[in-house]
Amino acid sequence: MSSMLSFIIRRLLILPLLLIAVTILIFSMLSMLTPYERVSLYVKDIPKRQGAMEGLIKKYGLDDPVPVQYWRWMAGTKNPDTGEIEGGVLRGNLGWSKTGKGTVWEVIGRRLPATAELALWTAIPMIGIGIYLGVVSAVNHNKLLDQILRVFSIVGWSIPVFVFGLIVLLFFYAKLGWFPPGRLSDWASQVVQSSQFIRYTNMNSIDALLNGRLDIFRDAVRHLVLPVITLAYLDWAYLLRVTRSSMLDTLNQDYMTTARAKGLSENKVIRRHALPNALIPVVTVGALMLIGLLNGVVITETIFNIPGMGSFLAESAISLDVISVLGITMFNCLILLVGNLIVDILYGVIDPRIRLR
Amino acid sequence: MRNKLFVLMSLLVMASMLLTACGQQPATQAAPTAAASTAASESAAEPTKAPEAAAPVSAVEFKNPDTITYITGAGEPETLDPAWTYETAGSTTELNIYEGLTFFKREKTDEFIPALATDWKTSDDGLTWTFNIRKGVKFHEGGTLEPHDVAYTAQRAFLQGRIDGWQWIVYEAFYGPDMAMAGIKDFAAAFSAPAGAKEPPKFETLKPEQLVKVCEDVKTKIVADDDAGTVTYHFKQPVPWMLALTSQQFLGGILDKEWMAENGDWDGDCKTWTKYADPSAENTILFKKANGTGPYKLDHWTPGEEIVLTANENYWRTEPMWEGGPSGVASIKRVVIKNVDEWGTRLSMLQAGDADEIYTPPQYRKELEPFAKQTCGTDESSCKDDKADGFLTYFRKLPMPAITPGQFNWQMNVEGGNPYIGSGKLDGNGIPANFFSDIHIRKAFSACFDYDAMVKDALAGEGVQAQGPIPQGMMGYLKDQAPLNKFDTATCEAEFKKADLDGDGKAAGEDDDDIWSKGFYMQIAYNTGNDTRRMAAEILKAGIESVNPKFTVAVLAMPWPVLLESRRQGKLPIYVGGWVEDYHDPHNWVNPFLYSQGAYGRIVNMTADYKKKYDDIIISGAKANGVEARTPIYESIQKMAQEDAVDIWMYQQMEGFPFQSWIKGFYFNPAYGNPEYGWIYSLSKVAPK
Amino acid sequence: MDVVRRLLKNPTSLLGIILLLGFVFVAIAAPVIAPPAKSSRNVYLIPRDGFGNQPKPPNEKHIMGTTEGQYDILYGVVWGTRTAFRVGIVITLITTLIGLIIGSLAGFYGGWVDEVLMRITEVFLVFPFLLAAITLTSVLQTVYGRGEANFLVVLAKGLALLTFGQSPAKDLDPIQIQILTGMLAIIVFGWMTYARVIRGNILSVKEYEYALAARLIGASDMRILFRHLLPNAVFPVLVLASMDIGSYVLTFAALSFLGLGAQRGYADWGQMISFARSWIPSLGQYWFIVVYPGLAIILFVLAWNLVGDALRDVLDPRMRGRGND
Amino acid sequence: MTEILSVQGLETQFRTREGIVHAVNGVSFNLDEGETLGIVGESGCGKSVSVMSMLRLIPSPPGQVVAGKALYQGKDLLKMTDDEIRHVRGAQISMVFQDPMTFFNPVLTIGKQVSEPLEIHNGMNKKMAYERAAKVLEMVGIPKAKERLEDYPHQFSGGMRQRVMIAMALITNPQLLIADEPTTALDVTIQAQIVELVQRLREELGMAIIWITHDLGIIAGLAKRVAVMYGGCIVEEAEVKELYANPMHPYTRGLLGSLPRMDESDHRRLVSIDGMPPILMEKPKSCPFLSRCTYAVDHCKTENPALKSLSPNHKVACWVDPNTGREF
Amino acid sequence: MEERKVLLKVDRLVKYFPINQGFIFKQHSGDVHAVDDVSFDIYAGETLGLVGESGCGKSTTGRTILQLYRPTSGHVYFEGQDLVKMKGETLRKTRKKMQMIFQDPYASLNPRMTVGDIISEPMIVHNTYKGSAMKERVVHLLELVGLNPAFIKRYPHEFSGGQRQRIGIARALALDPDLIICDEPIAALDVSVQAQVVNLLEDLQRDLKLTYLFIAHDLSMVKHISNRVAVMYLGIIAEKATRDELYSHPLHPYTKALLSAVPIPDPVAEEKRKRVILEGDVPSPVNPPSGCRFRTRCPIAEKICEEARPELREVNPGHFVACHLVK
């Protein structure tokens, strides 16, 4: 266990270094832009008077050398009036997001619950269906069912999210009117914002349950159905493949013969001996996919008009909002890295070969 | 059993999703104020009716009787501070929260009714305006309106003067056109410049006493007399559009001085004003807070999601604003303004009854025709019945004072290379830098633009060809005259042949070395996503390429920063850019387009003789007092601008607002910014029978 | 070739191959199926029939109808096939090449070279891919839009040479630049998997005795790397890459959908589908604007996936029937 | 002695991409209670497949038993229902496999894996099964067996793992233990440990053993009877001493001759069998050893010789008497 | 004993493989003591058998001799020159004279090269033969190892294990080496094929005057082929003697146990044998036991075995043993 611990500590120590490298990479990416291009974020329209752009560049220090800007972002700035240091990543302040109209942390606080809720609800069908069908497919290897599922998953994998999302929206909302886009109906968002409703997590469906409001829960879930289907469909296709190949791998292992030679029924052979082994890589992949959902939500959130992290990042990236991109990417990387770490630890926990090395 | 568990869980989720799909939310869900108890929710959540598959269009459900939901698509406010706001999303929202001294009389943009002022008078020279301030008006947060609040508001806005804000309008009014700077720091520097100095000092070098002096001087321009109950403004030049300024945030949007100071904003002290000068949007206390006197209070603004306003239960107005106009507390209690960028989503929400009005760019307006129960003009009196099974009251062809020209760059910048003009020479692979200095080229371009196609296809018929810089209905517009430049390829060809770009005195038609035989190549750029700009460029390209196969125009999508920067550097040969008025006066049209320091005029960069000609006449128009004196000046500007083909005067846009037919009381006033929600006070929501 | 024979025997991969051949045919025969106007300066700009906004259903003049802006859908779908092939194959080639270089250097030399290269790879890897691509695309479009000459232009010219066969002596076509920026962004954030896989493979192949044998007979480092290690390490990566051609086309389409890929009116499927965004509620009426390009992209990606999937199965010894004893 | 197992005419095929491989072609043998039979052959000769076929452990597809009987205590294993044969496997016939690493499930504890047959066949509860497992593990020489029940396979050394495997096979007191190359992956000193262990256990428990190996050395000291397989057939079967003293099949002779012996004092040139074992893509019509045989006559090309008795304890499948060089 | 030419002298060869662990920067936390102070000579024309169980370091010894692994310390003299001190081109040139035959005939041939390429590569690299001469030599080598020269264009996977091993031998012979290190060359082969390869090796030695270091775990085969035999245990040499001496009078308790564990393919002989069964497993080479490496399993270990490491001593002429208790 001590090697595990040292592994974790090593990863934790490396984490800030990686983050700094990541931010430097983004910063150098963005330093390809001239101050005049960068200032366009502050100028939504043609400047009305002469010198406006130059004034703004000076005001936001965009003409400073890039390392100076980077350092300012890292260490913060000194307020000439109060003498206090404001902002600075090193002081835990990710800066002000022009796109999100709040500090980056505020924006994360505001936007993350929607994405997290989406991810949460996506995980259940994605993992459930994906793994189940993957197992079914592998057990029936090369039989008709396997072929059908395989083709189905390849087809699923070949459909662009935005085409799938558009079709789903067309059918279930525009045509049938079952599931609306957005996060909540107006009446429900009024309730949610009222003082009677305690917002524990800001994830509406969960808060609704915690508050005992089934009607709100129902409304929240109604809004989640379509994006969840869109997100999950693409991922279960992938998970199916991973599970299938992992399961096939396991089924080809020698210890399956041992189990059969012991007189175990085929059912038990698969359940007791094959699944625990086959699921180890699947758990990893599944967890990484969950983390990777942040990636997948960009388009889904755009299509379904969900104010989450994904749509926010797309917005700020397109409008070249340096601080927002930096802050959110940094946060994403943090999640990714911590997530990876957790997956690694998880891997160690579920696989005794690693845990007890 | 692990796999079964997964399946069970996922089935459960699926089942719950399907179940919820069938449960329509109750039509009359308790408002938050109605102390919704958890026990009541069970029954409330019962489905009221099963959903109809593919519901007919007429069966749009009536939802939320007290709430009006707007789905905009043009972005959300940058701030809710009236002194900072210089874009329509913010100013329109503020119009419902804050009030000025006057207000537009219903649909009129040049007639005003008293608001926070009871009456006013102006001196004969038009330089001094005095307003009597209404008594007994309470701010949302409880303060009482006094004259010093009005003066404070204007002084604060003046001194806040953020870069690229609207303050140049008041700088010009109080200190003359030369002082119409981009921001307060530039203003202060110019103000403190010793007489005769060529370069103003840097703001950073100004001494504290100089800074105090700026503030004190401003205070002499805007003077409140609490005892007399008046506020007086002293201008440098006549400001015929004064009442338009006091009706909007520019000199309106009255704040409570005491409340502002309590909340940490400027307290009116001339020693500290620089602390509050040129702030970032988020650094003023009014960024996400509001305390006005208007019919609506700001409930909350969650950036990226929604702005919610609630009715001001203590609204001061007891008399109808005009005959049949609204009075008392607002009829609609709650306003939700959401920004949705996707047109498709917006339309879906309208069809589902989740939206009461959606932002509809011109190219999509035809889409809504099948749903129009009534089609109307500028107000309900003009409504005509349309589709019987429709559900919209569809206000269309509303003339916005918004003109979009294709602006030539008469003298292009070629320093450091200019990718837009190819070789930069008259060799068929580019155009020379002074291409558009030749009036025949400008005229040829103006004749090669298919105005009708633009209006018909790009604007879906929602517009008219522009006559010149001054829009329809405005002083200076040449009534009963068709625009001078028409789409006519023959004229276009003839003008091209008349040009003489190599300056050898021979017209291009007879010159082997000139434009007609050499041909040219140029690029017209638009910022990605801007559909009208793109369409205009494409139509121009089609027209020009049709007269001579040697002419090539490439239409390019550019990221906004590139476009902005190229424009600043004066590299773009043609820039398609529209203007929406700040205040309703022809000066606000000729200034930006034609004045050599105007927002667009700077880039048009006319040759010196033209610059002088236009600058002189524009200043004379602004200085003249009275409609009679001014009208002929503007009419001649309008005529000159066409004759000189300064720009391609492309089109004047029209608006279209699809309201659910249960929304009543809408009229069109273009001065509201986004007129569909500029004055929600006048609207009501009436359940369909 | 045994592999080809087995691919042809498998019904799913056969379907994939037939589809691919179909697309190849369409790409080659594009000038015949959808002849461009004589005067058109760039055949990839879809010809349009007016400027109207409303899509028009299929008719005699436009077999697949016209989309928003009256772009001919048939033309776009047909010429879009070329774009898809170009984008997919060029991105795959370059990313694989980068991965190959970095992975083999790291795997072969080990030590600090490996450490440094793999840390760099890790840094790139922690970016969420699509987000990074969006950011870089918007930055690059801005930089290229400036029209200044710098090393990025050289880069783009190289890419243009590969993608469009355009001579580096010519100036960059601004219309192509938008395609190139999207591709560049995908390339910059797309090579890491290959690098890792190659490195892993090299490390394992390095342990094979034939690598030792090669050192023993006195072969130089380069000879060992190129003759013994790479040929054996690269093959699984090529299979991986063949499947990725499809997914790169998808990613590029996603960029186009977000308005960052191909320019409006360019024959690119993703760009064409992005028109559908505005017509969701009336998609029932305007089905053709999403169905044709959508089908094209789905079938294209499907074809690569089917072939790649089958290829993997064929080449994966695990999947072979277990021998006797 | 009563016969507990009688395999008759077993044939097994595998469908592969290259075609059908005839892995086992009519294998017959029998086994008495408590007897140890050695099956010897090179890789690919079908020795493992034969016993796996018998227990129906051949992965199907691609494998398929196409003919033959395998009578275990008079009942045909090949005709039993799935349920019936499950109660034979692990309970009455147990197996020990070659590679003690890969044949253990890496994520289950030893205790669970060893006690599992008891749970299935004897319906024992976990606690009792674990107690018994500890006892058996002790019996096979695992020190501190009780403490190690919660350990995982990878925490054991190779030799220990093989002991555990044997314990797992023996925990149900089977009548027959099939050991499929159980010592091939082990070092000589460990191999000796295991051989000794099995010999001891055989004496204590009295089960019959089929020991499959390619090592003629091991089988010499272990088995009572030896069957030599080649090309999917048994080519010679005899009492162990008889076989080594008087090998009658040219293959057996070659095999014995190719082995250097440590107890030889003089250096001799090893007998080498040229060529390589066949891959049987069709059922052999000639003798499968034909191409490598130095004694071959024309008859060998036309007919695959059947196993025939030369004496009560010696059978051979060959047309030629290698001592005389002539056909029998 | 007659004076013979020492072709290869291995002098106190040590090879540790470091184990790196640590936080950000990996730190050296221990070593695998794969080869720990091994010395022996190989005389020209003889075969030295190096025998031991898996993990005892015999393969590492072979590879370290050839500088495939750089030794931690010690020297390897080939024809009097120290390989350890050589680098780059000189090493490359010298190594030409020493080749290796590998254990796994499937892993030792590059699957993407034809037989002809594989065999000719050494000649290309060292530029010893060119053009048709090279082609002729490839044919000659193929014939020499008993392969049909028609196979020259085929790929390794088209051959059986025995044939592949012959290809490996042909490659090793391509540079006319003096010394061939045979690293378990028959371990992966079937019994009937093993004899083929061993016979071939013997024939080649005779015809080409080769010297072999024959590494194997199969004691019978080592006995068959070697002139002298060294027994390795856990990185050290436990005993070293001529073949007959070692097999008939083993002195080291480990050698005794090892020899007694090898089964003899003769049931009559087997019945009579008395076995020394060793307890337990080979300890980990990361933390080898102090003193005598074998003491943890040694049936006769005493206190001194724990305290001092026994040196390899010559107890009889040419018979070396590393054991305190052997007099």
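Order of writing sets the chain letters: A, B, C, D and E. Residues in each chain are counted from 1.
We adopt the following convention: a contact is a pair of C-beta atoms (placed from the backbone, for glycine too) under 8 Å apart; a residue touches a chain by one contact, two chains touch by 3 or more.
Values in this document were obtained by computation on a predicted structure and should not be read as measured data.
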**Report entry** Target chain E, source chain B, minimum contact steps
**Finding:** 2
Query raised in the report: Fewest touch steps from chain A to chain B?
Result: 1
Query - From chain C, the most remote chain by mean C-alpha position - result: D
**Report entry** Cα-centroid distance, chain C relative to chain D, in whole angstrom
**Finding:** 54
Report summary line: CA centroids of chain B and chain D: separation to the nearest Å works out as 90
Query raised in the report: Roughly how many whole angstrom separate the Cα centroids of chain B and chain C?
Result: 43
Requested in this report: Please list all residues of chain C that touch 2 or more other chains.
Outcome: 138, 142, 146, 259, 277, 280-281, 322
Query raised in the report: Multi-chain contacts in chain A: which residues touch at least two other chains?
Result: 33-34, 37, 169, 174-175, 302-303, 319-320
**Report entry** Partner chain C, residues of chain E touching it in the complex
**Finding:** 63, 66, 68, 92-93, 95-96, 98-100, 102-104, 107-113, 121-122, 125-126, 168, 171, 174-175
Requested in this report: State the interface residues of chain C toward chain B in the complex, per the touch definition above.
Outcome: 39, 41, 50-54, 68, 138, 141-142, 145-149, 174-175, 178, 259, 263-264, 277-282
Requested in this report: State the interface residues of chain A toward chain C in the complex, per the touch definition above.
Outcome: 18, 21-22, 25-26, 29-30, 32-34, 37, 147, 150-151, 154-155, 157-163, 166-167, 169-170, 174-175, 248-249, 252, 292, 294-296, 298-299, 302-303, 313-314, 317-320, 325, 328-329, 332-333, 336-337
Requested in this report: In the complex, go through chain B and note every residue touching chain C.
Outcome: 342-345, 347-348, 351, 363-364, 366-367, 416-420, 453-454, 456-458, 460, 523, 528-529, 534-535, 538-539, 549, 552, 554, 556-559, 561-563, 565-566
Report summary line: So, in the complex, the side of chain C touching chain E is made of residues 208-210, 212-220, 223, 227-228, 231-232
